[in-house]
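Single-structure report; data block below.
All chains are identified by letter, namely A, B, C, D and E, in their written order; residue positions are counted from 1 within each chain.
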């Protein structure tokens, strides 16, 4: 391993080392400072990624602009989630070094997954962060739902891991290599065994992206997990999975069937996610179903991969992540103190807690794809890619389901601002600095991306070659 | 020289700046009000100044033929979206109407809105930006952006300060308009892609896209998507049912803006984008537009007659009036189109005024039920006097503003489609029937329920007097406005610049 | 190569789906579900080793070893969770853990 | 000879697995599974992967299964009469689903192109495998070791009494 | 001339605006002076214009509607016809304004009254003077609006307000036809200038001309209360009496006649149109005369007589006797205004009671009203040598000159109508002014005789607008100005014949000469002098017979019996009393279905239909949402099944695709 390799790998090393460091520090002296330490670690990883533009290819890992972009994205999401968690965890009695350390480990795993250049690293990276989330989801030991959510995530996760591994095994059996670059070099005709492997990999990734039919865990886990964990789970893990899919998709680029499978996944996900969200009464479940639905649009971008769908998918997931972080962040603040989860209980909160309310509203508008929020630009990108690829029917379905989505997002906004507050509730708690920051960053990103997405789009264009 | 001032950008974003400035003034209603007043009147003054100097601007011959001011800058190059704003006579008329309507909306809600004043005014200002943008954007993507942006403040306006089933109404309003506009978004993208495929240029610029040759079938589908979006905003029968609800439950300012401006965005869009982009498809669908418009006129007038809520009645009257605009556009003939455009402005003023007046009454009586009133002429003569004027304007009494628009529309349309124009004339009678019923039951006869009513105060008199003067001025001397839109109409209908 | 790769794959497919079938059927006992997952992962390992033998590369064996490590990590966490949940609810029937739904 | 052995072992593995997953008694199930695992370990050996075979015995059949037994005993789950084994109605959809999948996979496997040309590869020396492991997949080793660490952390965290 | 015309129009407008804006705050007298002053000044200007008149002029003041080739400037056209009408309007209206000062002296809403009255005059003048049809339409609608506001002047009564509304809507129905005609003419010729259009007659296909003519006729029917749009006029008597005089006798209702006469060069080319016009006029004249015979409300008698007389004018237009029609228009303006004003005096004197059966013997009590009223009645009845006699005769002569069965029949109808006219006129005169007043009032006051009035028309016999202290038996002192205003009208009415004496008396009539140069007026066959004399003799005999019959029936000893029998209700009287029950017919055919359909559309169309469908769709989609949500049972096994199902489907699909 050369020095250049080390330099390029430094962000991952910082994160991984940081997680061990936090564990050790926690063992020596537990306390709230661990979050600060973790934040420092993430910030330094982030700074390093941005500051040191290195491109190296090693066995297993390739630090490419693609990987670095995702590293920045994931670390930022992790940073926001950490900021969010500092106060939240204290209030909910989640103490100890496990939380920040595991989170850092999850970030390292995601980083590895995005930078993977062979299927082994990809698999390990994916499983590493999924594994970290098993723990994070169940980390609130006092909560009945946390345990249940952890169990569900664990069982689904291991099954999907098995499927994913099986897929990789089939691919390996068929071709004898795990290297993505070699696998992407396609022979004239694709072997069914190979295709079966890729399909199984897709199904495994569909679990991570919660695409229908592998989506059923999503609402339960999102609802049961602590809000900051859900925020990270619904954004960063999705981002990493999108990266993984983008790495996998070239494997079946020439196969029409792959398009059809993605087509069906996209259609079913958009329809099911949006429709099911209509009948939700819990805000976290609503957001969960909405995240299912949003992934349907990402899948739509995958369908349109030859027509610039990759860029659209990344843009979409970034926009979604910003909105998702903002919304779960706002929910974590609005729901604290009580176990407030039903939408009905959010009535009038937009006035009691103006910042969090406004952030939630902006996030929801972004998720609904209404300008000037980033969600609109994201939908614009996805739909234009879809139309360019000739997917008119799917685009129409996307548009119509987006209309349905508008309805349930509005329901939350209506509750926030248009329903009278029942009873005289105590005045809102002042937000701490980190919470305010955790809300402000994604909101700002949402708005800026919505109004001036050019830099990001140009960057993505460069990354995707 | 004037182009360097970025006047159009100022016009669009000045209210938004005001909206942001509202944040510090959040807690202090008085400061918020004066801030909003300052911004809105500044905007109005700017619009009027542009109007005063439009002939000078036209002589400067800016980049686009027929336009007075144009601004153009790259924006999202990855998608080929540009920041293109352009002002021609048609836009200028709408801009003036916008700036004016917002002043009216502010004035009528000066006292009526007592809580969350800062938020209310911030939303109003944000909406002004959106609507200004719609009337000025020449890039389809930019247009769409503003088109959607203006919905959000209205959604809150109705939902927070509305009455009755306000949430149902506001959600319905939002969904209806979103439904149309999302399909339009697809059509815009598709058009853009077709253009890119043919010419290799990725652009959303209106004038580039107009030049795209399209096969008839494609054109029809794309136009249908555009038309749906515009028809919902218009609103054309049978897509109109959001309007009575939204109007009825909106706060007064919201109704004024809805009637005065939001409906106009639909007709403006059809004039600016729908017809020029897809001339053949529009030709094909013209009978449909006629049918819908006339069905709407007659249907809405009948339904209006049966109403029991004043605001609802006026809301239905809006549908009828906008039907004339639709007919005029469908004829796509210079006289009719001029009439339609003038009618857009007229309807904004008249119906806005009527909504404002009903709002004033509602503030006093806390009811809008027609059956609750009666004999108001004896109780609040000033109010009644103005109400009579505006309702007569609304029925198209010659000498008042609506007549100008309607008559030009009908005269122009008759040369193209005599039957449509003839049937539309029938609508005039129906308009009279329900409007006179309203006037009679509210203003005349005897008091039916003892309501504590005070006559108009000075602020209200000022507002209404300005509106009334405008109603008369536009009815008696519409020539300057007709002259203003002469050039754009000629260009739109195929004349040379 | 003692047998054609296909035969190995058939065996491993059979084991894999047996494990999956068990996983789906054994909803009443969490421990058994974990056992079934072990079966599945084991089958995957078999496939890798078969592939490794077929292509003569070490990657497959290594992957199998990694899976083993991964499995042990997951099983340890999973069993900890079983203990944790059993302590709370006194059951290992997963159907009992369905408070959240819809 | 080796071939025959393979098929016998395969049969043992399959039967062991079937018995394991249908057995009502968890302890018995684990024992059946261990049987199956042993036979698979031998298959690994036959497939020239002695290292994996060894790990299979040590880690899988040894450590993991013992862990299972440990937990079963700790939670006192070894009473089949208390537990509920799957009803046939639960087996049916599972088997149907799995059967179709397995059949499809089998078809795909059988339809594999160029299946006959399986080169008889020489056994990879363990040293070679280890060199590969640490040279090419050093990062993966780091990652998986971290994961094991966090498995420890997680197990401790969850298992900790309040 | 431009200045005069500007003043003629602007003065009434300014007066109206002045009164509307300031009238309430200034002393009453100022408003009255301004209101009367502007009209008389306008009259003065008209006279000056007359003096300076030497041929038709077109004056343009500015642009109004100007979009591309559609040009409707604010332009006036002064020719003989518009000039004479302007003179008549300003003069009669001036008198009516003066009269109003007296009539409305107790009404607090004088500002509104005079403002509307002034604006009404303005609108009427615009109508008459307009050079293009949109401007004419402005005046046309303007008078419609003013009449609406004035009929419903005492708005607190629902009937009054409803009557105003009815007038507005009914006339507007006609206006619609007129409007269509305007845009059609624009489409045909690219112009809306009247003078230009009148030259187009030969260039337009005959069928189109016919349709246009019928449309214009429909428009005229609305304004001029011709069948079938006549129903509004009797109800319009709900307004103050001077308003009735101004609007529904002298000016507004003649607008239709004016329009037809104005556009005659264009539409007169079609025989069908002429016949239709004549038929409409003739039948309306007869219809209204029959109705008038049975009315018991003084003003309603006059109202029906107005309809009837306008019918004559329309008949005249249809017969091509335009000059005759114009002649009758002028004389009718004088005597009908006179009759209304006189009736107003009587009504005022009787505390706003209008039922003629409660009147009687007023000749002695109100001589200053009686004699002018009688003069008016003579004119109306076509008593020989009065103005009405000559003008009506001119029309009948014109009809006779047309010949043919249609016009022959119409002539006969016209003569019968003349007889009926004479009868009902003098029935009114004798019942009201002769005999004894029939008291007492029915208990409960209100001044309404309810006996035998099982009909809706009785509802129109409205109670006094301002309940006055009951001073039965007393008569109010009439302000002098009211009776004085009658005198010039009486003189003009009686001597109106001088305007256009028949040619057999030696030379061409003044109007014949004056109007003859207008396109269209010169036309129409002239009856032979002998025929005309015969006709006049017949008419005179009919008139006298009617008078005699009325005398026989309503004076002396038979009076009481006749009145009692009529009050009890003659057979068929209800039919005539209610104007052939046209109101009921329209109610059943149009109004009730309209209301029903309106409500149906609202409740079934909008609420149940469209909204219901959409709400149903929304509910359906929400129910649909229950499916994927219900799939999420919360059990782990379900989600595992989902994943496994995914695997299964994907593999099956793969097999399906790769293995043919």
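Please note the rule applied: contacts are C-beta pairs under 8 Å (C-beta built on N, C-alpha and C of every residue); 3 or more make two chains touch, one makes a residue touch a chain.
What you are looking at is a predicted structure, and each value in this text was computed from that prediction instead of being measured.
Novice: In this assembly, which chains make contact with subunit B and also with subunit D?
Specialist: A, E
Novice: Among the chain pairs here, which one is joined by the most contacts?
Specialist: So the pair of chains linked by the most contacts is C-D.
Novice: Name the chain whose C-alpha centroid is most distant from the C-alpha centroid of subunit E.
Specialist: D
Novice: At what distance in angstrom does the C-alpha mean of subunit B lie from that of subunit A?
Specialist: It comes to 42 Å between the two C-alpha centres.
Novice: With chain centres defined as C-alpha means, what is the inter-centre distance between subunit C and subunit E in Å?
Specialist: That gives a centre separation of 96 Å.
Novice: With chain centres defined as C-alpha means, what is the inter-centre distance between subunit B and subunit E in Å?
Specialist: 38
Novice: Could you please state the distance in Å, as a whole number, between where the Cα atoms of subunit A are centred and where those of subunit D are centred?
Specialist: The mean C-alpha positions of subunit A and subunit D differ by 31 Å.
Novice: Please list all residues of subunit A that touch 2 or more other chains.
Specialist: 120, 124, 127, 131, 134-135, 138, 141, 151-152, 155, 159, 192-193, 195-196, 219-220, 279-280, 407 - these are the residues of subunit A that touch more than one other chain.
Novice: Which positions in subunit E are in touch with at least two other chains?
Specialist: 629, 632, 634, 636, 640-641, 644-645, 647, 651, 654-655, 658-659
Novice: What pairs of chains are touching here?
Specialist: Per the contact definition above, the touching pairs are A-B, A-C, A-D, A-E, B-E, C-D, C-E, D-E.
Novice: Enumerate the contact residues on subunit A facing subunit D in the complex.
Specialist: 1, 9, 16, 19-20, 23, 58-61, 96, 98, 101-102, 105, 108-109, 112, 120-121, 124-125, 127-128, 131-132, 134-135, 138-139, 141, 174, 189, 191-193, 195-196
Novice: Can you list the residues on subunit A that touch subunit B in the complex?
Specialist: Of all residues in subunit A, those touching subunit B are 311, 351, 365, 370-372, 376-377, 380-381, 383-384, 387-388, 392, 395-396, 399-400, 402-403, 406-407, 410-411, 413-414, 417-419, 452-454, 457-458, 461.
Novice: Looking at the complex, which residues from subunit D come into contact with subunit C?
Specialist: So the residues of subunit D in touch with subunit C come to 2-3, 6-7, 10, 13-14, 17-18, 20-22, 26, 29-30, 33, 36-37, 40, 43-44, 46-49, 51-52, 55-56, 59-60, 63-64, 67-68, 71-72, 74-75, 77, 83-86, 90-91, 93-95, 97-99, 101-102, 105-106, 109-110, 112, 115-116, 118-122, 124, 128-129, 132-133, 137, 140, 144, 147-148, 150-152, 154-159.
Novice: Touching subunit A in the complex: which residues of subunit C?
Specialist: So the residues of subunit C in touch with subunit A come to 5, 9, 12, 16, 19-20, 23, 30, 33, 37, 40-41, 43-44, 47-48, 50-51, 54-55, 57, 59-60, 62-63, 66-67, 70, 73-74, 77-78, 81, 84-85, 88, 94, 97-102.
Novice: Subunit A touches which residues of subunit D in the complex?
Specialist: 105, 108-109, 111-113, 135-140, 142-144, 146-147, 149-151, 153-154, 157-158, 162
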